[in-house]
Amino acid sequence: MSMQDRPLKWNADQVIAWLRREFPQAFLHGGDFQIENLEPGQARVRAVLDDTALRPGGTVMGPAMMKVADVSCYVHLLGHDGEQAAHSVTTNMAMSFLRKPEPGDIVCEIKTLKHGRTLVVMDLKIYSAASNDLIANAEMTYYNAVR
Amino acid sequence: MSMQDRPLKWNADQVIAWLRREFPQAFLHGGDFQIENLEPGQARVRAVLDDTALRPGGTVMGPAMMKVADVSCYVHLLGHDGEQAAHSVTTNMAMSFLRKPEPGDIVCEIKTLKHGRTLVVMDLKIYSAASNDLIANAEMTYYNAVR
Amino acid sequence: MSMQDRPLKWNADQVIAWLRREFPQAFLHGGDFQIENLEPGQARVRAVLDDTALRPGGTVMGPAMMKVADVSCYVHLLGHDGEQAAHSVTTNMAMSFLRKPEPGDIVCEIKTLKHGRTLVVMDLKIYSAASNDLIANAEMTYYNAVR
Amino acid sequence: MSMQDRPLKWNADQVIAWLRREFPQAFLHGGDFQIENLEPGQARVRAVLDDTALRPGGTVMGPAMMKVADVSCYVHLLGHDGEQAAHSVTTNMAMSFLRKPEPGDIVCEIKTLKHGRTLVVMDLKIYSAASNDLIANAEMTYYNAVR
């Protein structure tokens, strides 16, 4: 895909530094985020989850997985567009929960499907870090604030 | 719809009491939940959100709205099936973000579309409490643990 | 919702006349369409389906229901924006199939959730005409060609 | 994924022969289907579309792409489970339309995300055959009639 040629504006450290300064609440509540990979057209984000992310049954609660998906997309867009992406917002998400996650870290792999002038559509595969099982599939669309 | 005839097992107070005891982490992180209405086939849940639910731009962050949607469905199912619903889990969600939410409380209105033996499908309309604007539309499907 | 104040450009007869002239293939393949209601912010479209819309099991095939949903949205947009909506296209659909449809006609009820400058989001409830059972729920988003 | 180890019950010729006999209406209306690949966990289906699949603007109409997606899933399931899959039905679809398709053939690539006892979830990427552009992304869930 040609969007793999689209260069990054910020590397992983720059994205994390901006987020910690401008959006610290993204790191509250259930865990921390690490960017394991960030390159043109794709990213890999790990959420280090603590016990407050668990639900009855001892598995990761749905909202924790939804948050990982959404924050990972924001990381992906900040990497590609820098601070101009700050006001980009989610317009649509479709997410399926495939298997019961193991307690513990979750890894989200993102690929750009389309990086249009108005909408950015991303494909997400979410894994339990412990087992490497695919636990969720998602598609997220952001309204692109970059002009 | 005939599922409006399906009686409740628990009222709002019983649902909240069970959640506070068995799933206190649902109330952590950004706010508190109140059940404004719970009757056969429909429910109305209010999330009292604090500033840790805000994102750059001064609006409610996406993950907070996703959490309200998911917890509201769980409330709805606990009301209908009582403790038997404890292990019901989300299998699918589709959510569209329609308008920028005002900072502050969010209200989620749920209707049962299908309460099947295996899957429960729910329609959700989410409003800013301050303006009464429709800010999100969602459909959530739970895998029904009740047997 | 304020979009209920948005007046129509075309009435049902004008929409059907334009479709029969400019997009006759919409009426091919499995049935005919009738606009039962068209007013600001909502519409009701009936698909008169023949036996080529059936699938193994004697029920209406999924693609016939998807087509009814998509054509109904196009009808809805043509009513609101007239010929300017001709090049509006679907960007996103989420559809759940709730109950096995009876063979025969299908009715689709649409409400506008958001009629934005760029995107139009619509809520769809689809019924078997014979039984009045809700057989599918959908949300469709169109990219708005109107400027 | 371990479901790649799940052997096929039918090969491509057996699937096509069964469909032509039991579900000939799948081949009506806008084109023909060819199975280009069918192996454990994945399939590739080509729809040979004629001019009745076009819409105003000279591009492939949305319902034609939706039909390709749905029939391709059915092909995929028949390959894996043989005639036992005949009564499997779509329960959920989420589809995004990414780029304007060129007139002409469409190719759908499917991967199994989960082949559960109750639900089968599939990831679909849809391409214009002429340009090889990714024109749509979808996730489809079937209710598994196999017992």
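A few remarks follow.
When the chains are written out, they are named A, B, C and D in that same order, and each has its own residue count from 1.
Going forward, a contact is a pair of C-beta atoms (placed from the backbone, for glycine too) under 8 Å apart; a residue touches a chain by one contact, two chains touch by 3 or more.
Fair warning: this is a prediction, and the values are worked out from it, not measured in the lab.
Chain centres computed from CA atoms place D at the largest separation from chain B. In whole angstrom, the spacing between the mean C-alpha positions of chain A and chain C is 34. Computed centre separation for the pair chain B/chain C is 29 angstrom, with centres defined by C-alpha atoms. Note on chain placement: the centre of chain C and the centre of chain D lie 23 Å apart, centres being C-alpha means.
Among the residues of chain B, those in touch with two or more other chains are 91-92, 94, 96, 141.
If you draw each protein chain as a dot and join the dots that touch, every dot ends up joined to every other dot.
Chain D meets chain B in the complex at residues 91-92, 94, 118-119, 141. Listed in rising order, the residues of chain D touching chain C in the complex are 22-23, 25-26, 28-30, 51-57, 59, 61-63, 66-67, 70-71, 86-87, 89-97, 100.
The residues of chain D lying in touch with chain A in their complex are 1, 92, 94, 96, 98-99, 113-114, 121, 123, 134, 137, 139, 141.
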